[in-house]
Amino acid sequence: MSPVITMGPFHPALEEPYKIDVVCEGEHVTDASIRVGFNFRAIEWLAERKNYTADIALFEHVCGICSNVHTLCLSRAIETLAGIEVPERAQYIRVVVAEAERLHSHLLWAGIACELIGFETLFMACFGLREKIMDVLEAISGNRVNYAMNRPGGVNRDIADPGAVLAAVRAIADATSKQLIPVLTTDATVRARCAGVGVLTRADAIAYGAVGPTARASGLPQDIRASAPYEAYDRLLFEVPVRQEGDVFARVVVRALEILESCRIIEQAIEQMPAGPFRGDDYPKVPAGEVCSRIEGPRGEVFYYVASDGSDTPTRVRVRTPTFANMPTARPMVLGQTFADVPLIQASLDPCYSCTDR
Amino acid sequence: MTVVRGLISLLVFPGALFALPAGWFMMWLQRKINARAQGRIGPPFFQPFFDFVKLLAKEPVVRPRLQGFLMTVLPLAAVASTLGAIALLPVFPKAGGFSGDLVLLVSLIEVGPLCAVLGGFVSRSLYGGIGASREAVLTLAYNVPFLIALFALVASAGSFSLAGVALAAAWPVRVLALIALVACIPVKLHLNPFSAASAEQEIYAGSTTEYDGPRLALWELAHALEWVALTGLVASLAFPVADAAWPVRVVVFVAVSVALVVVLSFAAASTARLKLAQTARWFLLCGSGIALSALVVAFVRL
Amino acid sequence: MDAESILHMLDVESAAEHRTDGWWVDVPDLDVRGLATLMRTREVRFVTLTGTPDTAGGYRLIYHWDADGALLNIATTVSAGCIASIADIWPAADWVERELRDYYALVFEGRAETPTLMLLEGDEPGLFSRTSAAGREIDPAVTARDAAEAERKES
Amino acid sequence: MNILNIITGNVARGPQTVRFPGREAPAAAYRGSVTMDAAKCLACGICDYVCVSRAIAVTPGAASCEWTYDPGRCTYCGRCVDHCPVAAVTQAGDRGDSYARSGAQRATVTVPYPACPQCGRPAMPYNEAVLGAAFGDVSAELRERIHLCERCRRRATTAALKANFGAAAETGRSDDGR
């Protein structure tokens, strides 16, 4: 008898509703199927009925954790379509906010991964660090999660106190390199839970279209920030960490190294940031046409397609969130693994179901 | 061992009157240490007691009669047997005990996990069942070093009585055997890194998932008593103060037990949870290795 | 493999247009499966598939590919409401095909089954293209039964 | 054993938990609930236009304009504040009160239309800054006319046009040399 164990839609390992039916033989997983759609809000349909300014606020709410990537990607799509130049200062501010969001997202993920392997002390340490970057984001934008920073043609707010951002980021880089990374990479119990678990081969990563840290941990060096630089990324030095193993441990290491890279990027951006205007015209005139826009979110490539008929309302907005691409890879990852690893494996993708469901 | 003395050790010390508050205190201490290690405040002093009273006051879910009966009897049996085990602890090595009480103690300690396994299965919950099977596998695994270690002590002391073991076991054997015994405690108490049987992120509360109200309160009670029984066993074997007055013995017993709680709590706070297979492998290789070395030392000495 | 070589292999170089957001090409009678196989062998990453209603009552499908970091958008038109599935060649396309069925009731031929992705099991596909009997669009938040009820009350 | 460093650090530092109600004040830029100053409002409806969640509704009436705001619907994105041409809309810098009933904090502000200096009927509110942004150099004539209600303004404009045409016609006629 192989029992089907249902995880979700409500389960202590998941922050959001989704369902994974796991077929087990003993403790080993022989099959798995994933159900999403519990959070479906038809945001793409709504977007076709609201003007561009309201749409940016609408897409801010696709996700609670990576809200900035959605407004940034949509703003960039509108700018490309309307031919708007973004002032240089705004480009740097966008980079700072985007990387701060990556820090916050990766630290949140690291904490949850620790919690799933029962390592509560490390979970608290990660969330303590995350609190620092949340404070920075609140100081910049006035809110902890939905930053409302981007508008077509610039950003809504200036960074009033770059020194405080720099200090917080340095503290995070310091704690990450001195405390978090050594524990995550050398602790015997963490290694025992993560190394060799949930392997996604390079071939599977390509076939399933994996993006972001998931792809990079499987040996695919893809990063939109490097391959098609946007905003100020072409003027900033950073590395794209890639690992070949494809297991949970590789994904832990990739994200941990990305935390350090993000700190590096923010430091450079704050130092290079020129003075000047940071926002453009209030109402962009969007001509008829269609455009694609891609940026590298914390979880991977965010893709927007916007079609316009020249009015103040788009005719179609299509969003492909990173989790939408990454989530199906959970199936090849869990096959043959033990049931105890399933929560950790699905979490190692850094899944965001509200993003996926839209 | 007179009847009066037996009753006193069952009901007063180290039995119910002492063990209940002591168990709650140890649970509180573990949670408090865990919280402080994580930079949190932690629960108030009476929290485990409040939890117990709150659960007792809740109206239980109506169940089929046989299932309801079993789900009440099994935790009760766990409470009773653990209390019996505590009563046998050789806190006063010279005062009581009988030949072979070690065997009785071991079997009483084993009743608790056995009840948990059965309790998980009779609750007819998928997660309860998985928790129960994990509990069963782990019980098998840790009992290998647990029994070998005790046997090493017996071999060294040449006696199957707890008092004899406490007084006569050779120190090299004793240290090795106690290390093996201490390593077994986290499995029984569901503490990291050996807490696979109650991994909430995977299987909710494991074998007690379906338990509620007074029935869950009984499990909590059994759990609190297990704390006292297991730390007490190690404490009474580690520091047998044969010649001192009884208050000194009590103080030493309590102090060593609490010190053990502190050590176990910090160990739990600084580790992640190992998987079932990894836990079992650890006990069959490392745990048994330590216990076997104790046994070898015991026989070489003989 | 870079985008220009792919366009050359597809023999649509002349029709392709290079814009700031990547290459765009319209291929009305696109051999979707042939394209998918070519991309799979050349390791050109499948980004996603966009479906959008066109003015002629059909649907415009845009296959987005990532060729060495450059975006390659190959569009085709679906007038009969069905097109070949590429989910067996690209597992990455599985979810997006299911989603397009949910939104516009598009049929992807060659799939063993197309379960719902965003909708509940057994829901009518074509959520975004639902219109009432009077020709008005229906809010996706309103169930089909509620919409029929409201219409009956009005009339 | 780096985890032990974290643990000893935590133990040495003591609990980081903030006990209720000892909460830190929000950041200076905090985006709280929205308020509107009727004295500055132009009743243009831009806040309604940019509001994604329909938390703000601007309903024009005959003699005044109703501005309603429901914090329960608000996403606190701040678009209304950013886009208000006269800075009539502002956001509170604190977290506000909690409430139990849906719509309990709904606020309505009535923006009265000022009376027309000529006929006394309601006219549209006006603002110097917006006037400058819309027309550049504001002539004295325009400034005078801007306070009028729509009807009086039309009349004034017609009168002015007529006067101009009339003058032109007069001169034209005289030029004709009839």
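To keep things simple, chains are lettered A, B, C and D as they appear, and every chain counts its residues starting from 1.
Criterion: a residue touches a chain if its C-beta (ideal position, glycine included) is under 8 Å from a C-beta of that chain, and two chains touch if they have at least 3 such contacts.
Only a predicted model underlies this, so the values are computations on that prediction, with no experimental measurement involved.
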item: B-D or A-C - the one linked by more C-beta pairs in contact; value: A-C
item: Taking each chain's C-alpha mean as its centre, the one farthest from subunit A; value: B
item: Chain centre separation (subunit A, subunit C; CA means) in Å; value: 25
item: Between subunit D and subunit B, distance of the C-alpha-averaged centres to the nearest whole Å; value: 69
item: Inter-centroid spacing, subunit C versus subunit B (mean Cα positions, whole Å); value: 61
item: Cα-centroid distance, subunit A relative to subunit D, in whole angstrom; value: 35
item: Subunit D residues counted as touching two or more neighbouring chains; value: 3, 7, 10, 16
item: Residue list for subunit A, restricted to those that touch at least two other chains; value: 121-122, 124-125, 128, 187
item: Touching two or more other chains - residue numbers and ranges from subunit C; value: none
item: Subunit A partner contacts - residues on subunit C that touch it in the complex; value: 19-22, 40, 43, 45-48, 50-53, 62, 64, 66, 68-71, 73, 90-92, 94-96, 103, 116-120, 127-128, 140-141
item: Interfacial residue positions of subunit B with respect to subunit D in the complex; value: 35-42, 266, 269-271
item: Of all residues in subunit A, those that touch subunit D in their complex; value: 50-51, 53-58, 60-61, 121-122, 124-125, 128, 135, 138-143, 146, 148, 151, 156-157, 160, 179, 182-183, 186-187, 282
item: Residues of subunit A touching subunit C in the complex; value: 36-37, 40, 42, 44-45, 80, 206-209, 222, 224, 227-228, 291-294, 301, 303, 305, 307, 315-316, 318, 320, 324-325, 327-328, 357
item: Subunit A residues touching subunit B - in the complex, by the definition given at the top; value: 3, 5, 12-13, 27, 114-125, 128, 187, 189-190, 192-193, 338-343
